[in-house]
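The following blocks contain the structures, represented as structure tokens.
Here subunit A shows up in two complexes: once beside subunit B, once beside subunit C.
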Partner chain A sequence: MFSLALSRQKSVLLGAAALAVAAYVLLPLVLPVFWVQLVVFAAAAAIAAIGLQFLIGTSGQLSLAHSFFMAVGAYSYAVLGKVPGGGSSGWQVGLPSLLAAVAAVVIAGLVGLLFSFVSARLGGLYLGLASLGLVMIGAHVLTVAHSLTGGVYGRDVPVLTVGGFGFSDTDPELWFGTHQLLGIGRLWYLTLAVLLISYWLLRNVAHGRAGRAMNALRDSESAAAAAGVRVQHYKALAYVISSCYAGLGGVLTALAFQHIVPTYFSLTLSLNFLAMVVIGGMRSITGAVVGAFVVTGLPLVLSNYAGSLPFLGAPGSGGLEPGVFAQFIFGAVVIVVLILQWADLRGLRRGLRVLLPARTSSTDAPLASINR
Partner chain B sequence: MTSFLGYLVNGLSVGLTYGLVVLGFVVIYRGTRVINFAQGSLLVLGAYLTVRLQGSVGFIGAVLVAVVLTAAFCVVLNRLFLRPLRKAPQDIPAILMIGVDIVLVADLTRRIGSDVLTMNDPWGSHNVDLGGVLIAQSRLVALVVSIVVIAAFLAANKYTSIGLSSRAAAEDRETAALMGARLGRVSDFAWICGGGLAVIAGVFLVLYPSPGLVSDTNTVAILAFPAAIIGGLDSVWGALVGGLLVGLVQSFGSGYQSQIDFLGAGAADILPWILMVVVLLIKPTGLFGKQPLTRI
Partner chain C sequence: MTVRRTGVAATVGLLVLAATACSTSGPGAGSDGVKVGPGVTSKTITLGYMTDLSGPISSQGKTDLAATRFYLDKLNSSGGVCGRKVELKVSDMGYDVQKAVAQYPSTTPKVLGYLALLGTPMLKALDSRIKSDNVAVGALDWDSSHLGNPNIIQFGTTYDLEDINGLSYLVEQGVVKKGATVGKLYWPGYGENALTGFKYAAGKFGMKVKAIEVDPAKTDLSTEVQQLHNAGVKLISVSTLQAQAASVATATQSMGWKVPILGNDPAFVPQVLDTPAKQALIDRLWITSQRKPLGADTEVSKEIVAAFDKKKPKVDESDGLVLGWTNAQVYTDILKKACDNKDLTREGVMKAVRQSSAIESGGMFPTLDYSEPGKPATRASFVSRPDASLVGGLKLVTKEPYTSSLAESYVMPTSK
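Moving on, here comes the complex of A and B:
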């Protein structure tokens, strides 16, 4: 007879899983809207963040244009969908919202493919700078294309409806006792589920054949090519996947905002995504998710509790703004994480001899200090 | 015609000041192979230090002290953060500089807030009449000082031993090291020059007719990137040509805004970026840069 008793480890895991499921189902009904919103925004950002992590960490292509691909997804969805009664929106195609959402992700991927034709010829930092050009030009185009984006005033976002069930406060109204399931609560279920699925998918790709090929070309394009890896093919594939994820993140973020303005999709947003990836450790998908929650959540939390934190002032009051303080922290964490992850410790010790006269380099064998 | 001349002179003056920014950026790249994403915030740091110090040591003194302080800051940055990363892939130091930029911008934004800080420069808001064209006196001074500073740098680059080592290292780091170039000193020198140039450029960029130093000023320096690419990331002359081109494009772009209205308002600001993308497609190494050796 075999024992039905579970091992200690398994029962802890089972308990944790049950807790997670319960939290997933119940929290949007009981948590204050602020926290539900925070999780929705963070989860949407996390989806885009893991796409960027895949691009930077797995295939070694630095991109500062991630916010642009998110914008492509968000605006494609807004344009292809339909806002009843027009709303403050420009030109609409009027497709059913689910179709519009899927199409938006595909469009984002196609734009990524197009850009990868440009970037195929570029290596390393030139690619990063090209992406910088893309995000700057893209930001300008978004502000200027009034009929598509509503200019600086932005446009409303169509509500997602799947088979009659709307991800909004109404349509239908849902009450569980005295707790109402608002639109943002329904989006909680959606974004977290999508995050889980897309995380699992990406992890499989990264650990599969394509991922290995991309790791090879990340470490050395020439060596990978010499070993038979189709470098341009995999670089393009990485870009397509990454921009699809960015587009998906963009659609979900748009759904959460309900109204999008072009100035949101700026270089600063791209830099925040870069920070998310770095903070989580550039080679880790899970890290990117954690980074997304931290970078999205911290400014919101600080703003919300600015009153109780003595060193912060409310936005506009002239004191230390929570948003600025959060940026400061992110920049510092990026620096610290990079040093911890990549530093040659001997170099760190030598570098710390800042106070001593600079005779250090002459005591090295020339070959040892070759790169600096 | 006078407006054309006006745009031209203005474009040249602003372009040469941009040239200082780009030169600093390129010097750092040549000496260390690091893309200094924080060039813009060094610019603001220099201008801010000048504003804060001008009360105690006068304008010129403040500029000099700001140059020294910023250069020292850059050297510490190099030794503390960048030298430990020298074995890492090339992306990593660049991302670290993004982090530095984020920190600097956040701190300087906190300090400047919504103020508009002005300099007590001796040229104030005087204009000079050059044959019918009104040019701000400070812009003319910027032109002259830029030429002097650039000439001084080029002379140092050519005639001093550290300049020789820098040129050798820019050409081929490994061989230069084997031939006796002290790469540590080369990188320190590159950062000192880069930081100093950023300060001078920063000060000139916030003088009249610009309203003054605001939290947003670092975004001006972002045009250094297209300028550097257009000219060639590793070329000193390319930096100057790139800066001039960007300044001229901007000046003519906003001057003739009505002709290019179809591109939208503020199109003058993205023309440099479009030019950059075109250059990247046709000749990635820029007008004066050198071809990389690997082709796949």
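Moving on, here comes the complex of A and C:
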């Protein structure tokens, strides 16, 4: 016979899993579009963020070029795919969209490989500054190479179609009772599934042989080399994996946007990614995911709801703008999260214990005392 | 068993959520026989207003919005449109494309159309959604590429035409001679479109163009000015942001170079006349614009200034007030036409846009004609010069709407 505690713990876990699956399936149908979209944006950002976390936290290479690699992914997908009727301004290859998406990720990885020759010669802050150059070059190319990027106007993003099923509002129209499954809802399923898979893959790499080798060279390149780790090989590998993840995040972000413009892929975006990783505690993949949701989601939520706060006037009526107020709150939240390290899983648990002291006192009390 | 119970509870919970999230609203005819669409009730018409109130061009965004509110207050106190008050649903996207894309789908179902939507990148990112939702969008942006979208309403002429008129005017006045080399400093945001027009006109005048792209955040333009000086330009045209026209004036002044400067209206704010560049600006700056300045001697501008003095909002008393006021007037005039047709649906509004072939705005804009999609509402614009004694700091020098012969014959990039 199993102990009562174990089976209870197990069933709580299974219950949580069932809840998660139910939420995954049903929420896009019932949540307001704003929230579905927010989760899609955040999940796409999370994919790119865990790539950066891997690069910084696992292999010890600083990069400020993450927005550049995202742009490479997003624009490659737009150029390689096909917008019916040529709605976008610019040249297009016309590949099937799934193939274009895969190719875009590969291209981002290849560009990462090219840059790894630079990263082989630089380290620490110097590497970070060198990667900054990529953002500058990227911003210039995106506005100048009209036929590829559409210049400052940007270009339309092809709809992803897999076996006749389009990730758009129509094509085919899907209704569940009175609820329509819109394109953004379909992207919810796709993006969260891709996030889960890429999370799992990266975790395996980080905990495997390659991850251990990278950890070793992060702590000391010469010590790692002495232990037989091929330093350049693993540094390059980390850069390629990270830029592939950025490219993938870029493709998914582009799909959610439907139209991409160069101003989005700015240095600010790179800094946001750095913030996601730092908030998540540098060494934790899960932390980077939480960081991505905080950094992407919070400003959107705050700017959307700050207007309904009673002590702020209507937007544009003078006084403190809700949008500005939202920026203050965001800054404050980031500082609090950093100090308490809540985004790190252990910190989150500690934070929950502080916030919910009553929970341990009731039914779990005997168990808790045994554990102690 | 616990598992199943938890799962069932979760499912039930979500279904309850589903039921409550259900909304029931749809188009139909009101009691007064007017067909109504999203955002319209028997008492109100709600219009979207997406702008920047917290980002890099928030001072412009706030000024425009304040004056739009002046006009709507006046309109609503005299009965509104179709017996309904016109209300705004303001969203502040902070000049951030992601925020604009995130806010648009939650705002759009609640509004009939957008009285204003600011910024080329945002309009471009939302372009296809605007078309598929068939909402009439008032653009606070004069890039001529928007002519490719029939749902976008621009207030006045486009940047390329504005530049053609500006350069033609200076040639006509003998400020710059045909065949000279002319310089252009531009910010890719809107300056690229202005540059297209500028190059076209310069080509027709046998002029050579030396164009330099500048970062909008840059405050010291002496390097660029030196480059233009070395190229021997006889005119500097600036399609950049606010303080940069002043920066060009300062840089040329310190070199002792008395070159004329032509700017688009975003390159000027009255505050620059409080800087050491004041005299250089007064002597050598011309501003080309789609609308008359606030200091123009018209009934409308007097009304705007009176409203400003009464309400005293915490915004710049600048040219943006003219834009905000007339933008609201033009858009609601279109709604009045839709009301006459007893059709306040989105289709009805778009039909009214096409029926609007001569919208007047008390002379602040040239007569605007929206009857043909793909054509600019007007090819005429105005030229002003700095004058510190006037409110808004600009004095109109072209009394009538000015259309150069080159602007008449110019083929819009979208119709090529």
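As a working rule, the second predicted complex is superposed on the first by the 303 of 372 C-alpha atoms of A that agree within 3 Å, B and C clash if a C-alpha of one lies under 4 Å from a C-alpha of the other, contacts with A are read in each partner's own complex, and residues count from 1 in each chain.
Criterion: contacts are C-beta pairs under 8 Å (C-beta built on N, C-alpha and C of every residue); 3 or more make two chains touch, one makes a residue touch a chain.
What you see is a predicted model, and the numbers here were worked out from it, not measured in a lab.
Visitor: With the two structures laid over each other on chain A, which partner does A:T161 touch: subunit B (first), subunit C (second), both, or neither?
Guide: After superposing on A, A:T161 lies clear of both subunit B and subunit C.
Visitor: Taking the superposition on A as described, I'd like to know which of subunit B and subunit C A:I184 touches: first, second, both or neither.
Guide: Second partner only.
Visitor: Regarding the shared-chain residue A:V324, is it in contact with subunit B (first), subunit C (second), both, or neither?
Guide: So A:V324 meets both subunit B and subunit C here.
Visitor: Applying the document's definition of touch, where does A:S284 land relative to subunit B and subunit C: first, second, both, or neither?
Guide: neither
Visitor: In the overlay, answer first, second, both or neither for which of subunit B and subunit C A:T143 touches.
Guide: After superposing on A, A:T143 lies in contact with both subunit B and subunit C.
Visitor: For A:L338 in the superposed arrangement: first (subunit B), second (subunit C), both or neither?
Guide: Touch partner of A:L338: subunit B, not subunit C.
Visitor: Have a look at where A:Q92 lands relative to subunit B and subunit C in the superposition and call it first, second, both or neither.
Guide: It touches nothing on subunit B or subunit C.
Visitor: Quick check on my understanding: which residues of subunit A belong to both its subunit B contact set and its subunit C contact set?
Guide: Dual-contact residues (subunit A): 143, 318, 321, 324, 327.
Visitor: Of all residues in subunit A, which touch subunit C in the complex?
Guide: 8, 11-12, 14-16, 18-19, 22-23, 26-27, 29-34, 37-38, 41, 87, 143, 151-154, 156, 178-179, 184, 256-261, 263-264, 299-300, 303-304, 307, 314-319, 321-324, 326-327
Visitor: Could you pull out which subunit B residues touch subunit A in their complex?
Guide: The touching residues are 32-33, 35, 75-76, 79-92, 94-96, 98-107, 109-110, 113, 173-174, 177-178, 180, 182-185, 187-188, 222, 225-226, 229, 233, 263-267, 269-270, 273-274, 276-277, 280-281, 284, 292, 294, 296.
Visitor: Residue numbers of subunit C touching subunit A in their complex, please.
Guide: Subunit C reaches subunit A through residues 2-3, 5-7, 10-11, 14-15, 17-18, 21-22, 51, 53-55, 58, 61-62, 65-66, 69, 90-94, 97-99, 101-103, 105-106, 120-121, 124-129, 145, 188-189, 192, 313-315.
Visitor: Which residues of subunit A touch subunit B in their complex?
Guide: 56, 60, 62, 118, 121-126, 128-130, 132-134, 136-137, 140-141, 143-144, 221-222, 225, 231-232, 267, 271, 274-275, 278, 318, 320-321, 324-325, 327-328, 330-332, 334-335, 338-339, 342-345, 347-348, 350-352, 354, 358, 360-362, 366-367, 369-372
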